[in-house]
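The first chain written gets the first letter, and so on, giving A, B, C, D and E; residue counts start at 1 in each chain.
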Amino acid sequence: MGLDFSVIPKYLDIVLLGALWTIAITVGAAVVSFFGGILLAVIALYAPAVVRWPFRVFSFLFLGTPLLLQLFLIYFGLVQIGVDVPAFVAGVIGLGLHFAVYNSELFQASILAVDKGQIEAARTLGLSRMQALRKVVVPQAVRDVIPPIGNNMIALLKDSALVSVIGVSELTLSAQRAIGSTYRPFEFYVLVAAIYYIINLGMEAVLRRVERRIQASK
Amino acid sequence: MSEQKPFIDIRHAKKSFGTLEVLKDINLQVDRGQIVAIIGPSGSGKSTLLRAINDLDPLTGGEIWLEDKQINMDLPHGQYERHINKVRQEIGMVFQHFNLFPHLKVRENVTLAPKMLKGLSDAEANALAEEQLTKVGMIERIDYYPSQLSGGQKQRVAIARALAMKPKVMLFDEATSALDPELVEEVNLVMKQLAEEHMTMIIVTHEMGFAESVCDRVLFMDQGVVVEEGPPEVIFRNPKSERTQNFLRKHLAGQHA
Amino acid sequence: EELGKIKEAGVIRIAMSGAYPPFNFVNDSNEVVGFDPAVGAEIAKRMGVEVEIVTTAWDGIIGGLLANKYDAIVGSMSITEERQQVVDFVGPYYTTKRAIFAKPGGISSAAELSEAKVGLTLGETHEAWAREMGYDVRTYKGLPELLLELEHGRVDVIVNDSIAAILAMKETGQDYVMITDFETEEFGAGIAIRKGSPELAAAMQGALDAMMEDGTYLEIANKWVGGDIR
Amino acid sequence: MDYALMQRVFPFFLDAAWITILLSVLTALLGVTCAILGTAARLSRFPLLRFLGAAYVSLFRGTPALIQLFILYFGGPQIGIQLDAFEAGVIGLGVNVGAYMTETMRGAIISVDKGQGEAARTLGMSKWQAMRNVVLPQAMRLMIRPLGVNLNTLIKSTALVAAISVVELTYTAQRYIGSTYKPFEMFLIAGLLYMIIIYVVGLAVTWADRKARLN
Amino acid sequence: MSEQKPFIDIRHAKKSFGTLEVLKDINLQVDRGQIVAIIGPSGSGKSTLLRAINDLDPLTGGEIWLEDKQINMDLPHGQYERHINKVRQEIGMVFQHFNLFPHLKVRENVTLAPKMLKGLSDAEANALAEEQLTKVGMIERIDYYPSQLSGGQKQRVAIARALAMKPKVMLFDEATSALDPELVEEVNLVMKQLAEEHMTMIIVTHEMGFAESVCDRVLFMDQGVVVEEGPPEVIFRNPKSERTQNFLRKHLAGQHA
């Protein structure tokens, strides 16, 4: 069977609506992963062992298993113990926490890479450890790590496709729906790939601008 | 040592890193308004001593007093933190590598601590920053980032940042040795100005000329002990100890070669 | 032409999800068993070839057939007009009906459906139907997820083939009520093959007819489903 | 928790874990090969090669691996590429992870101090000699950890080939969920096995990293 | 300029980075065995000129000759590579930050290039390395890694590495300015020794004392032009140009203060 892209227009609105969901999930999860990552990094580096260890186990659970399983457990598992999170929220949290763990590794490295002299300078001025961390170390660490964090955000966009397992009608699921009606997998997957690619290019452009802004202060 | 009670009083200071003894029973008294230079070869413990004064490298033995407060106290963690943060506000420190906060503009570098720790309003803090930056001749660069400044300019901002906390003492750890030779003078000028205002200062330096011209007293340290101390004329022109003589000879050779 | 190739290879590859008991599922020995494999194997036997079972996720199952990854889908696929535009069907080899289940004490009549959250499996015939009816639809990967969602009240009803759902509830010990007052349709489940192979279709249809004739079919149906489902 | 069931099916999960491991190993090998070519292209002095390298990275990192797999597996035959599911999985994921690894390798190479290459060049070494003897050995150390991260992602993304009928760990779990209606038990086994695989790979990466940094 | 044909001949050297003109028509002739110092403020183009000599920063105009070979030739890529790799073997270069290869031991740092480019056997290369490392006083550290050495030691190894290629010229770009003052002398000694052996050298430096004691000629550069050149006595004691005077005054102020 040859290619026939004429089937697309009829389903374009479904697919585009899916794209909106994808963007919404990506943005939500990106925010969770960013601040979650900072929090996890600070805990990993500075919290007392009793706090650190549970978080380490938690991190390893997220690093060591496929996202698919994690989403499933958050959505279908939490409700068994009485916590009913809506699918969209579960997707944002699952995806966000998954990448928060990745981001935390980056933040940890970049926090450690901030010159020791910086903390010392802050401490000699009389700032407490927490104050020095908040005002001096973390802002620098964040700034230095924006490019790789940005890459994680872009990876997050692509992994948002997995949120379809818990029934969120994002881009990939919308395409499957259209394919389910037309049996034209190739055409729709190419379309979807193109849409992901465009969103991706948009994110890269934003990232480049942010990087340039940061470079200006360096 | 002209008054009764010294302003800074270091008694039997000892410091080891593991088995390495870096400070071995150091005693040093500094009066209010006095300016003391510390010289000595690399690794002799100069920085360690200076850093001990605000407990950045806590001593393993001995006591350090500032006026009537002991600095290196053994307190429960939370109490110690409150105590040391208070003490450090009274002690300004200037580092070899400036340690300006690169993500903040010059203005914010200076206002950060006063705003956070003394609760100054934006307006008050700004006025303070402008005053201190004017003093070190950096007022025009108030809205620059540190990366846009030369080394000498950075160091002057670092001094302004420390001064903004209105410290009672200023500590300088080789404040000019990371600078290009042409930029050294501008920083030295600021330090001389502080000297004229009778700021109490302890200055670790490799610049004998500068030390001679501003300091009341010079300490020569080697391998964790104070080998010799006295007025600059004596230490530089007429040192008693052979170690001091050797050091000065080598040092001047390296500098002028 | 397809038939010739299969005969030459001596094996026919049939696809199913492997996750739809009692029609096709993995047993404790990790073998794919059930009504569908049994029917497939019997047809193969009558065509004089071996059978090879491929399990693949339901979303891609027709794609795989079109991409020549296997020769037929014997996976409880309902025959619909839309599907007939892209594949040919042999059969039907069994019929079932659409059923709607709800929690006891929950929704009890078709009239309330327009207010309900309706869960169904993505890509199944019921999905298109429910959308046409204008229901508030949620789609999931399969029956297990549907049952979990119904259990926790995140959907009010689920729509599924009656036989599979009833057996599943027996398995899980859940006891849901079937809504009976709606106009249900019968569905024929067919064997899907690529278009344009009339000989293959004829051969398979012949085998199917023959096994229905001589009682083998009934034997298989009794074994896996517990009754004749022709 | 139905422990009896878990015990019964566990051996089959082990078999599936081998498929996952095999898939990961082959994919990693192909990925590294692609990445070496991609890196060479991206650092080449020919603009066309640089462009092709950049386009490869951009396209394959810019779209989801799942979609790439679908296009290769379902779309391939429409343009004459017939692959069985396992081959398609290895090729699809390998080329995909190769794009990520290209960036890792290139990043490591360009973060070696520029002075190193210059020092080698001033001694008279050619560009390639300087690269091979001075820059690459140093870049190697820098890239071990980030490549380990790529590998970790790769292992988890082998779950995607379930969608094209390779019965690896995730699809084994899904099949059993379909048959037993016990999702948590099944995902627990699969999750455990993934964690073991990833933990072992993590240990290997840490070991290699430490060894490379020893001097 | 005592012989007929200069050993190194830089004619009308021009270099721009984008719109920034860094070298503006520089001319410099160096005879065999001559030692030339280049001094000047930061950003004046000293490094750029030095790097142009082995085409690390290719000129945008002008010519550079070494004996009878033009260095910065416009050739097809493959040919150019062969040419420049040959030329660079004859020019040793020493950097401010040493640029030793951290993954190789001292011995391998020295033997790498001779083995690869001159096809020396292991035994020959080892003998060569031992010879050069003895010369710079680093033979005892032959089996250390660079990270285990002090700055001064690193720089001496870097010099040995360059010497092992038996270069006709040595270029030094602030070889001591990243070193602690006490470590400067050990590197200066090695350079003096080379001077005694009549190695042709061009030395970018901030150390006026050293320049005065070893160099035959001093060039003062500012903003991409050679402002003044002559024997060290003249340049340091009696500079004609005001810019030179200014620079030296500031510079010495900074150094001795």
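Going forward, a residue touches a chain if its C-beta (ideal position, glycine included) is under 8 Å from a C-beta of that chain, and two chains touch if they have at least 3 such contacts.
Here is each chain with its UniProt name: A, D = Amino acid ABC transporter permease; B, E = Amino acid ABC transporter ATP-binding protein.
Small disclaimer: the values here were computed from a predicted structure and weren't measured.
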Joint neighbours of chain E and chain A, given as chain labels: B, D
Chain whose mean Cα position lies farthest from chain A: E
Centre-to-centre distance between chain D and chain C (centres being mean Cα positions), rounded to whole Å: 36
Distance between the centres, which are taken as Cα means, of chain C and chain B, whole angstrom: 82
Overlap residues in chain D, where contacts from two or more other chains coincide: 70, 74-75, 78, 183
Contacts with 2+ other chains: residues of chain C: 59-60, 63, 66, 141, 145, 148
Shared interface positions of chain E, touching two or more other chains: none
Pairwise chain contacts under the document criterion: A-B, A-C, A-D, B-E, C-D, D-E
Chain B contact footprint on chain E (complex, rising order): 41-42, 180-185, 188, 206-207, 209-210, 213, 247, 250-251, 253-257
Chain D residues within the chain E interface of the complex: 45, 113, 115-116, 118-127, 129, 133-134, 137-138, 141, 215
Of all residues in chain C, those that touch chain D in their complex: 15, 17-21, 25-28, 30, 54-57, 59-60, 63-64, 66-69, 141-145, 147-148, 168, 171-172
Chain A residues within the chain C interface of the complex: 1, 76, 79-80, 84, 87, 165, 167, 169, 173, 176-177, 179-183, 185
In the complex, chain D residues that touch chain A: 59, 61-68, 70-71, 74-75, 78, 103, 149, 152-153, 156-157, 159, 170, 183-184, 187, 190-191, 194-195, 198-199
